[in-house]
């Protein structure tokens, strides 16, 4: 109801503010018997953590995760699984200048309108730091899915004007982790990195697109009519900080085509499986997965905190100027790749379990 | 859980198949005391109903709504409000040819995979006929919102290659209802209609974009971190048949800009209200409405049923051909305008009520 | 949220008022493939309907159920299953005398306080007529459970001072349906019937206890810590009109015993199954079924409508007298037996499906 | 879904096992602006903690609570409020003897059946230690309710055969905290204490009844038809470890009376308020509070762990004996008083907020 939980069966609740003692997450509905690989969970957090390369914020946080409950002798018990990530590199005074003024295109003003007051330090609850908890929970979901042959891979496909035009199935997606911008095409990656470098020097920020592919999802996932699989994926992605667009399959471009161009013909392959000749549907038809690859694209706006003077007002409505201080990302996309994967893993795991209700 | 309910407080559950006795909807959580204007509810359904113009399907259904419960002496009582819409123009035999074969890019195959079998007549539950129930519920939500100064207006902004490039605040949106394609710019409307006419003659279909604006929503709506207002709007829209993309505010295009270009500066207007000079944020910051206009765009794929021969398989995996029969829409967008508005009204009403929990 | 839905996976929403056009229920989450025996559903409603014997109200309603959706070719499709029961014998004028006054120990005053106004005809939504919708949904749940070897049997074990002291496992429960009070012991049944007859002649009403046994439920049902199986059964029963007490297993009496008297020792039976020598736990330990019989008792207060002059106030707080009019039950217990069974069936079915989430 | 959350708007999720690093609770939906009195929260935990008197277990745990999130400058922020209680006095080896065997009338066997395996140390998740998290959350709810004039008071009204027969409104309930058994009548308290002392010496345990009164709750709380206020209170109480019965108002005894005896006549008092002359309804009519005192009784079974030899089986079904080890309560009731109050506070707070949805 208050919006801090996600999922129906594999249900997570995140908690914690940017500058409190810790952030964390509880998974209620985690099946028992999953082997909990803590090294893997930490490695996922490392992909998201600040300070990992020169194109991210230089804040230093180890983002070390501790499991508080729900695991016994290395396996999930079926009881609530809580993970805690202490906050370390808190420079609350970096935020004194925004205590009373509203940063443009941040959540400050809206939070004050809604709750009456706010923890202003580092954005408090509205900080993207909260997504570390999602990544931890998503790692558990990935462990669950790995055992069932489902693999999720996201990558940066656009930064500002620099776009990767090659479709996912012509790329070696494993290369995405080989460079600091997480783009699987080396040349495009270099251009993206150069653009981010330049943007940071200008005290500005830049947005872009993350593409994501889900391989190996079985047919039958998704609950029409409201909880269509792509509607759930869309909500999951749009709930991530800075996201302002989502499309799946042929997306916006496909909308401009004719039906005869956008339809996917069925055929039976040599192994006797029903397949589609094309996959404009992005692996989802009528809101239910059909066994083909699921793919979608997520648009991230440029980070709102810039190192330039901006006009704004204070809590009394007086006109003031604000300039970004502290250490911020010129482009969130490289660090957002594991977040997109985590949210996708949470949705697929939840629907995997939801779909089991029909197996009676 | 099974996906047929939407909303947390103002919660609707739709039921019914395309070719069963009726479809309908129950609203649980409708506040008491709303004056229920049945003429208005019917007029909303009339905007969605088939056969309303030459560019829609020629099926004839009056879509007459009956209220079964929750209203006494013209006002809502606070108890479940159920509305029923009988199915009339059912030509089940139009679907005998698809009983055993899977229509390309329809839900047929996915439903069989999920549920084991399906009501194949007219798509059964996967038919867009279900959206009539959403429009009826959305009409109640609009009555609630009207009393609170909130107004919602959607319109067709693109059909195939024909795009309306004028921003919403330079248009007279009331003109949208003046033509059969529901585009507020007369010249563009004519080009859209011509394109749909031509597409129908080719036995083909065409997609496009519906834009929607919400005027008068108060600041404070939306529940971070997962139920951000735009995430809820996104899910609502993506749950509508044929939708494959959603963006709000500056959307995908804004993602390619710099932070300095995409940020909205705050100022205090002459009336003393805090406002933003631009509205790239689409009226939502940090997932919470900030009092500015909320606007978003929804991409609809071309209708999957085309009057052309298509390759597919039957339930046994044998290769067969299928040709669309019956009476179908060459373009769903004109009839989808009230659906988009209804889903928006449901989201805003639900969050209006959810936001009240903080007023204690 | 607004209280008209019950269950998490097998989720029902009831709607309708006593004197509106109809009452009904939608089941969302009904598994596909259940053979829907309409004759059985109707027979369950017949056990609850008014006018079935001389000790119930003499109102005449056929309570004929119609299925609107979710069933195709005799089987559930997995889509929402809606059933409608038209209201027939409505004598709204029987209630003119209570339009403005509050009947003692009825919901009238509380509804007015909550909703601002109410449909006063026959109690409107607060009428026990709503339970007919529960019985219809419970019949579907029974069909589901029958296929899995689960059988539910309730019976009247006390009316006023007349109590059946024989434990359930010493009784032939099938005899409960052989007499009009639904007590499986013939002699006790006769005494109960005599007491109800006498009470009706006095213009008074009488309460009592319904006992219920669930045979064949597998071990593993119930979700600790809050959704313990007995907590869910307790809520289900307490949600039925006129219920004011619930106990399971050794109940209140067991609470007065020593641990050494109340514990159930485990042993392995000849078939190799782990069993308990006694069953003070009522088949539930730690909130989870253990495979033994589940049994509980439900206390119903005497019906509030009596044919005697009672002191009360009107909507303006003025002192007035009220006398029951119309045709009312002197004792609800005989008609409540199928309601208790229906609610138990809904709980067990829901938890049967919930428990499947762990089977991955 | 998995049962570790409670409440709809003021929603708590508890986590943690008896012998893990910590237990805790997250409240999602806590209104902003509540002054968080940490001393009060700790004092509530102190009422529940082990070792507080000679008639409780002699385990020593300080049960020190830490707030991790959701509070800023002493007030709730409206974001998730998480509290942590580290586990201290863990003697896991006390449980080695039950690692492979099932303690009679404990959750051991049922957990194994449900989850496949279990954290056997101290009962793991099934331990009543989990209720400390409920008490912490309940303390926040009490702070919310105190500001609104609602006060909740529970007390022990029966231990084994020793019963307090004086109705609550003839007692000075504040005396309940003056003795170690928490019974407001000094003489009865002494007899209860003597009985518990004796029972402990016998290596046995004893159950009883806790009564609870809610003063000052406004009319209008409760959501018919399924979430009636007493149904929600009933579920809350039945979800507490060892509870096997619940009744409200005139309860089981009232069920045996005539309607003319059990009805509550309305009148208008000198201040112009509508009141009832008696309160057999326990402050709830039609599932909605009517402004009178709400009262109910909760039956607790004797603790299952006894210091006597008991017959049972091990995981392989072999017959074994088990004897209680460690430090256990001979009677849980004195420590359960704050748990009953906490659960009541959670229900009333949640329904207070739920009722606000109608205030639009």
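Going by the order they are written in, the chains are A, B, C and D; count residues from 1 in each one.
Note that a contact is a pair of C-beta atoms (placed from the backbone, for glycine too) under 8 Å apart; a residue touches a chain by one contact, two chains touch by 3 or more.
Note that this is a predicted model, so its numbers are computed, not measured.
Ranked by separation of Cα centres from chain B, the top chain is D. Set side by side, the interfaces C-D and A-D show unequal numbers of C-beta pairs in contact, with more at C-D. The geometric centre of chain C is 26 Å away from that of chain D, both derived from CA atoms. Chain geometry summary: the mean Cα position of chain B and that of chain D are 46 Å apart. Averaged C-alpha coordinates give centres for chain A and chain D that are 39 Å from one another. Each of the following residues of chain A touches two or more other chains: 1-5, 8-9, 14, 29, 32, 78, 114-116, 125, 357-358. Of all residues in chain B, only 1-5, 8-9, 11, 13-17, 20-24, 26, 28-30, 32-33, 66, 68-70, 72, 75, 77-82, 84, 114-119, 124-125 touch chain C in the complex they form.
Looking at the complex, you find that chain B touches chain D at residues 1, 9, 29, 31-32, 78, 144, 352-353, 356-360.
Residues of chain C that touch chain D in their complex: 1-6, 8-9, 14, 102, 104-111, 113-116, 125-126, 130, 158, 160-161, 199, 202, 204-209, 219-220, 222-228, 230-232, 234-236, 238-239, 244-252, 254-268, 272, 274, 276-277, 280-282, 284-291, 299-306, 308, 310-313, 317-319, 354-355, 357-358.
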